[in-house]
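For reference, the structure discussed in these notes is given below.
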Amino acid sequence: MIIDIHGHTVAPPEVYQFQGRLLGSRGNPFDKFPELNDEAINNQLLKHIELLNKVGTDMQFISPRPYLAMHSIKPERVSHLWTEFVNNVIARQVELQPGYFRGVAGLPQHPGADIRDCIPELKRCVEELGFVGVQLNPDPMEGGAPDPPGLGDEYWYPLYEEIEKLDVPILIHSASCCSPRESYTLHFINEESIAIMSLLESDVFEHFPNLKFVVSHTGGAIPFHMGRFRAWRLRSNKPDFDESVKQLYFDTVNYSKEALELAFKVIGSDNLLFGTENPGTGSVMNPETGHTFDDLKPVIESIEFLTEEDKMKVFEGNAKKLYNLNI
Amino acid sequence: MIIDIHGHTVAPPEVYQFQGRLLGSRGNPFDKFPELNDEAINNQLLKHIELLNKVGTDMQFISPRPYLAMHSIKPERVSHLWTEFVNNVIARQVELQPGYFRGVAGLPQHPGADIRDCIPELKRCVEELGFVGVQLNPDPMEGGAPDPPGLGDEYWYPLYEEIEKLDVPILIHSASCCSPRESYTLHFINEESIAIMSLLESDVFEHFPNLKFVVSHTGGAIPFHMGRFRAWRLRSNKPDFDESVKQLYFDTVNYSKEALELAFKVIGSDNLLFGTENPGTGSVMNPETGHTFDDLKPVIESIEFLTEEDKMKVFEGNAKKLYNLNI
Amino acid sequence: MIIDIHGHTVAPPEVYQFQGRLLGSRGNPFDKFPELNDEAINNQLLKHIELLNKVGTDMQFISPRPYLAMHSIKPERVSHLWTEFVNNVIARQVELQPGYFRGVAGLPQHPGADIRDCIPELKRCVEELGFVGVQLNPDPMEGGAPDPPGLGDEYWYPLYEEIEKLDVPILIHSASCCSPRESYTLHFINEESIAIMSLLESDVFEHFPNLKFVVSHTGGAIPFHMGRFRAWRLRSNKPDFDESVKQLYFDTVNYSKEALELAFKVIGSDNLLFGTENPGTGSVMNPETGHTFDDLKPVIESIEFLTEEDKMKVFEGNAKKLYNLNI
Amino acid sequence: MIIDIHGHTVAPPEVYQFQGRLLGSRGNPFDKFPELNDEAINNQLLKHIELLNKVGTDMQFISPRPYLAMHSIKPERVSHLWTEFVNNVIARQVELQPGYFRGVAGLPQHPGADIRDCIPELKRCVEELGFVGVQLNPDPMEGGAPDPPGLGDEYWYPLYEEIEKLDVPILIHSASCCSPRESYTLHFINEESIAIMSLLESDVFEHFPNLKFVVSHTGGAIPFHMGRFRAWRLRSNKPDFDESVKQLYFDTVNYSKEALELAFKVIGSDNLLFGTENPGTGSVMNPETGHTFDDLKPVIESIEFLTEEDKMKVFEGNAKKLYNLNI
Amino acid sequence: MIIDIHGHTVAPPEVYQFQGRLLGSRGNPFDKFPELNDEAINNQLLKHIELLNKVGTDMQFISPRPYLAMHSIKPERVSHLWTEFVNNVIARQVELQPGYFRGVAGLPQHPGADIRDCIPELKRCVEELGFVGVQLNPDPMEGGAPDPPGLGDEYWYPLYEEIEKLDVPILIHSASCCSPRESYTLHFINEESIAIMSLLESDVFEHFPNLKFVVSHTGGAIPFHMGRFRAWRLRSNKPDFDESVKQLYFDTVNYSKEALELAFKVIGSDNLLFGTENPGTGSVMNPETGHTFDDLKPVIESIEFLTEEDKMKVFEGNAKKLYNLNI
Amino acid sequence: MIIDIHGHTVAPPEVYQFQGRLLGSRGNPFDKFPELNDEAINNQLLKHIELLNKVGTDMQFISPRPYLAMHSIKPERVSHLWTEFVNNVIARQVELQPGYFRGVAGLPQHPGADIRDCIPELKRCVEELGFVGVQLNPDPMEGGAPDPPGLGDEYWYPLYEEIEKLDVPILIHSASCCSPRESYTLHFINEESIAIMSLLESDVFEHFPNLKFVVSHTGGAIPFHMGRFRAWRLRSNKPDFDESVKQLYFDTVNYSKEALELAFKVIGSDNLLFGTENPGTGSVMNPETGHTFDDLKPVIESIEFLTEEDKMKVFEGNAKKLYNLNI
């Protein structure tokens, strides 16, 4: 069974029409969410499922598409309304196609807001809508100033406490980026590197030993710069960096084989989970392979040094264990 | 002939899907505008025309829907890309249904940007796309800080110079509002009041005697507070306020008869142009009349003190003169 | 009996000499308030009374002149010292001429300050000085950034709680305006519109059912744009806008008859209170009538559709009831 | 002959009533300056002259009272209107009592404004109104952020160039102070110390060899800390600090004899000018002497180590030379 | 016995090498402090002692060199790490040469931080390291914005409470200055003037009657401007300024004899403590005397109007009493 | 011959003592640079050379140590003084050991400053001191706000123009990082990723076809995420990403073999230059290899798929060509 833990909702255009209106009105006045009919939703779902079938994915976890999160749009209510709406769409999609999808909740984050403001929506998604994970944006400022607290900061503790209680993994994934010099797609990578180092240098795991973080996009730059951080750790007599890294999990959303090979070498198959973000950035035909970049199953299958057990963990086992799946 | 000078484009959902993507990506990376097929556009147009036919409007001027302008979204390129795209949509709509529509250009305004950055798009719209007017947002900050320069400030002169040369009227219309205490729909009203007073207290008309401003929504609060401003003018021996007000034009986008009556009394039929924003805020059934609020033709026709000539000017004559229409 | 609920203190020049010194010194060093002799105060009062007699006003409620409030002058102590001083002047004026005046308290508001800082002065004015109302500035930023919380925001609740206990009406009236594009006199109007909408969209009346708000200047732009807000309410199935508006009271400080007629039509005589701000903005001879603009008694008396009972309420009854007057 | 080069205008209360109105209205709307009658002005002048006669002062140079300058009040036009108005008052006072007074011009400074904005008023005062000097505020931010450029910075050069051409001395005198921890009267002292060091460490005198600066209040803290700055100069092989200090002039507005003695020792009688600021801060009876603190003539006369020639320079000679007086 | 209460640590270059690294790394990553060997430290100490011997100083209190405090360097941890490290160096120096030195603690201040963050290091220095005093920076912003609260503000009370309990005197001494127009050495002087006035105008001594403040550099500008502040006090019927000043103590770190004479006249020998900052700013040969500027012992000895008892107090007695020394 | 193009100066502690003083004084007052004797400098050099000899490096290019650059320390003069001083130290080191070293210039960058301010020091270093390259910090804000312009922005063009004329390669290397969540060592990596993408998406190479950029640390995260950017390029019909990347050069300062192998695969040996930063972050014994992490020569030599020609280019040939070396 192939479980793709990193997918995002594919919604009908009406969802984005509402997004435009919400952006324009800033939620004031706001009356009610637009009603989407099942047919419109299902039409998109069928296309989505077709894409999954094509590459042999059996199940995908879907969360709100991060770059559309509007976390930094003022005022705060925009983030709350939009997140609730998109989570609802996801819940309906999972309900319509429970064989293919599970929900991962977006959170109504906002720059400078009390992180506790996210807890009601978190609980609603997990407890009422049955979502299996939660997506966390380490930079709700979306590239603006001031910098947010690092994920190792106590700012996040009230949220962590609740997530640990709910026992759902956190997918670390940043959102849009307002800086003219940094595209959102590169911002993802940089934020992941910062998130990893902030967590690994912190006391988070002492306070929340059961918290499970999955870092998107195979961990930003960190697997490529292991030597640098190994040296720092040795210099300061702190725990071995390679051991520390294994406190975290990583997905395989990295569209080159040579990079995935590196990831398997330095992270290992116990801490990697199959993910593709399909459809998304990688849904472009790679002229050299004749497959889309995000068709990662054959890529992983072709890595010679991986055992069948390794592959099974990555494709299925790790996800089932982490997300408490009984399928 | 009934000419509605204040309408906005009604676009297919795909337009807003692009808006969402542009907001999320901030135009980085950006490749090209999505291709919309004529059918999708025409489907919306037919619904739009049906609404116009229903209330007896023969022609409507359409501009980008102001509250969706994204003028204050960072970085500046978002405003440029979005404005160009929407103006293109409008141009295609006018081309598809030239009997019903004329285009009014949006401008790629941005907080703190040089106002000259708007001139290329202005010229493109008027000279290449044949637009008959231009929509100007007096608050590209969209309710943020610092306050923009008032419309009477020299900041705007390079734009005014170009508009005067192109000889198209300016529709004053603000956009979204980020302030949690002020809805965009109220922001429209307040910005119109500020715009009127800033212009009337300035030297703009001495420098640009042929510039034509049309103030949306019947002039914000000013017609209701004529006494206040009359008193100020008398107190300071400046030109009579009622005379000054006639340097500007106003539309009839005000959804109560008692207010329109007041407007006709204090502004007069030479300076009022028929406008409805249909479909828009007023497209709701008024249970007392059985008509939508924006069905303003019968309202105006029922104002007893207006002559036929008055009505002809408001419905048709003033617009033809101001916008140099030969229909 | 004619009761003008919207007047401001007319003080001797020495009061403003102290204001200049306070502005210059920012209250540091500060020793004590200057001593004003009764004669200087009474001389101004007699002129003030003469103006009231001339237009047939029997009693006027006087508060600090809002545009001089210095709420945004740094540091906070300037606002406290100045407000206390002016409230003292008003108390002496009422004491000297109790037949003509009642006091309405200014509050020592300051941008970003805890609203509780205003409560001691509020209680002093009502409980010790016998004031019958309180004047509230919805924008202590005086046009600066960031925007203050709307009057519907919980920020104001501690103050509302105290005012409800004291059972005095609130006169909503903004102050100076630092923005170069917006005169303070227009800022009044815009702030009133914002205040009305913020209150009517809030839960304030659920928490404080006995709170009484009087909006200055006949409610800013709202009576002129009833159609717009009626449409919004119908669109969202919220309570009828016309009903909502009646949760508030309004004064008649609007210097044109056509506007007052509109106000009576849409607000009604139960919610309008006679006010003139005399002497003030409207104290200029209207060449068309031969009266000053703020001589509003004959204007109201001439409105044909008002009954004697209507006029009695507006001139006297509503004020007596709202302000608990026993005269 | 006793010439007091540091006095400020004593104006009737109506001047401050206008100040209050200007502060409240921010100059918008603004019509015209209030008309003051000669009697009101002369009444104040006679009291002022009586004070001068009492302490034996023959002539005083008067400038706008610095702490009332409103340089940092937004928007910029407030500073322009107020400065022009006060300079006009001073011009009328000099005209009414030319035997006693000479004018020193205030400048319409404003935070962040182009310093060239001050030149028209400077020229008007010197060329049209016959003023003999100009008062310069080294901190138009009035204690706010960001810090202004030091007086040695090129920011001020366009103004210096014009002042050098007009050949009038500059009296360095700061204004109000918004910081809660620093009174304006202490701010004067600190700003003078900063101004001295900024000028002495700069190239100003190389570019403007004929510019004449008079530092108020005997030079802030510098004469008391000569040793500190002597050491710095020796340490860095720069010109001797005592020599450098003599590029500037200082007044005697320091209300203790022991401090004046120190000043004469370290500055010398060639660079000190008699000044009292009478009436002002020092116009309080000193219980130990039976004179007011600002009655400095007997204090200086009693300094034993001063020769008659020294005293003549300080009381009269230096002022005549610096200010090109022919009396 | 000659006790110099105002000295600063003279540390080996390795200390500043660590400072550079800490500045560069901002304490992230940070492992441990560098190990300095006793020899390197003692070599510097012997040079330091030689300087003291040369001028006849028997004991000096040493604190962190203030202009190197890095209080405003972001993030806050830089200040904490650096302060702890330098205090440790001082503790070792005192331990190595207990006959010559006593420690005065630096505090890890930081702009906007809770002042309670300084208490653990304060207690460590006094209770564990045996320091006899504490150095307080009244401007941890180091010339930046916004201004810090004045020393009379309640912001500082939690710290004062702890210091009073520990019964150690506070040496007021500011640090670096980021403003281009103000050198740190002048900033010292201005901050001292502000500190004095803020304390003397406050309630600090009512709340903390046993708190002892020593103002560096002979009190900034205040002794030179006693007349000004005497006048203010008399004008407002507040306590006599000369009496108030004696609530504070001052050191003699002022490198000109005429200024020290003035200080002894206005402050008196009960409130002055011998201090030189040797080696420091004054360690330059004064060509007129053949001694370094900071060789203040002969200067004070040569002040004719001081009695032997006066000198004994200043050189030794006041320090022993204030700092509870048993030597 | 082994040429290490990425080394930094190893300076005696006195250099950092001066850094501390400069930080504390902010260059005001500033007299002259401290004099360092040749012996102190040479002692450090000999240790440095010993390290190079140990690992078989024949020549190293040395630049200012980036994390100590103090680019964001206010005011701007700190950056200018410090950069000039360190460049001077490097020039002396090269002069003392010309067989081992070549100089790479630091630039006196500062947030918000005109980039032209760096040109005099650039020219001095190349034309007078004979430096062979220049080090450019893409983030002179050092992690502060607002974000600097990306390296592809026209802001940098005046500098690029001059560098192209001087024909020296640019080493891209960021400096300190003020953000509490991001260590400077990770900031290096993130800034490199941003720099690469900003340059590759820009027109810089069209305007400056001869400009040569060397990206430090093997290009941040980009080689690890080639798939992601390949997909973007294909999606938008822009030039192939792998080709674009070859417009830049990269060094080998990456301390893990698996990452270097990846780099050689995706970048190729024509665009990689040997670099180690020795001594620096990697100068720690790797317990698994028994070598320090920065002993990269054997690591590269052991990469099986590299030919001798490949290695020659990386160790020597590319550097000679790029830096115009004749050795």
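Order of writing sets the labels: A, B, C, D, E and F. Residues in every chain begin at 1.
Here is the rule we go by: a residue touches a chain if its C-beta (ideal position, glycine included) is under 8 Å from a C-beta of that chain, and two chains touch if they have at least 3 such contacts.
In UniProt terms the chains read A, B, C, D, E, F = 4-oxalmesaconate hydratase.
All of these numbers come straight from a predicted model, not from anything done at the bench.
Chains making contact with chain B (4-oxalmesaconate hydratase) as well as with chain C (4-oxalmesaconate hydratase): A, D. Chain pair B-C has a twin interface among D-F, D-E or B-D; that twin, with over half of the contact pairs alike by residue number, is D-E. A count of C-beta contacts for the chain pairs C-E and E-F puts E-F on top. Computed centre separation for the pair chain A (4-oxalmesaconate hydratase)/chain B (4-oxalmesaconate hydratase) is 42 angstrom, with centres defined by C-alpha atoms. Separation between the centroids of chain C (4-oxalmesaconate hydratase) and chain D (4-oxalmesaconate hydratase), computed from CA atoms only, is 42 Å. For the pair chain A (4-oxalmesaconate hydratase) and chain E (4-oxalmesaconate hydratase), the distance between C-alpha centroids works out to 54 Å.
A straight line joining the Cα centres of chain A (4-oxalmesaconate hydratase) and chain F (4-oxalmesaconate hydratase) is 34 Å long. Residue positions 28-29, 179-180, 182-183, 185, 232, 235 of chain E (4-oxalmesaconate hydratase) each touch two or more of the other chains. In this structure, the chains touch in the following pairs: A-B, A-C, A-E, A-F, B-C, B-D, B-F, C-D, C-E, D-E, D-F, E-F. Those residues of chain F (4-oxalmesaconate hydratase) that touch chain A (4-oxalmesaconate hydratase) in the shared complex are 143, 145-153, 179-183, 185-186, 189-190, 193-194, 197-198, 217-218, 220-221, 223-228, 230-232, 234-235, 254-256, 258-259, 262, 265-266, 281-287, 293. By the touch criterion given at the top, residues 28-29, 31-32 of chain C (4-oxalmesaconate hydratase) touch chain E (4-oxalmesaconate hydratase) in their complex.
Contacts from chain D (4-oxalmesaconate hydratase) toward chain F (4-oxalmesaconate hydratase) in the complex involve residues 201, 232, 235-238. Taken in their complex, chain F (4-oxalmesaconate hydratase) has these residues touching chain E (4-oxalmesaconate hydratase): 12-14, 16-17, 19-21, 23-26, 28-29, 65, 67-70, 74-77, 144, 175-180, 182-185.
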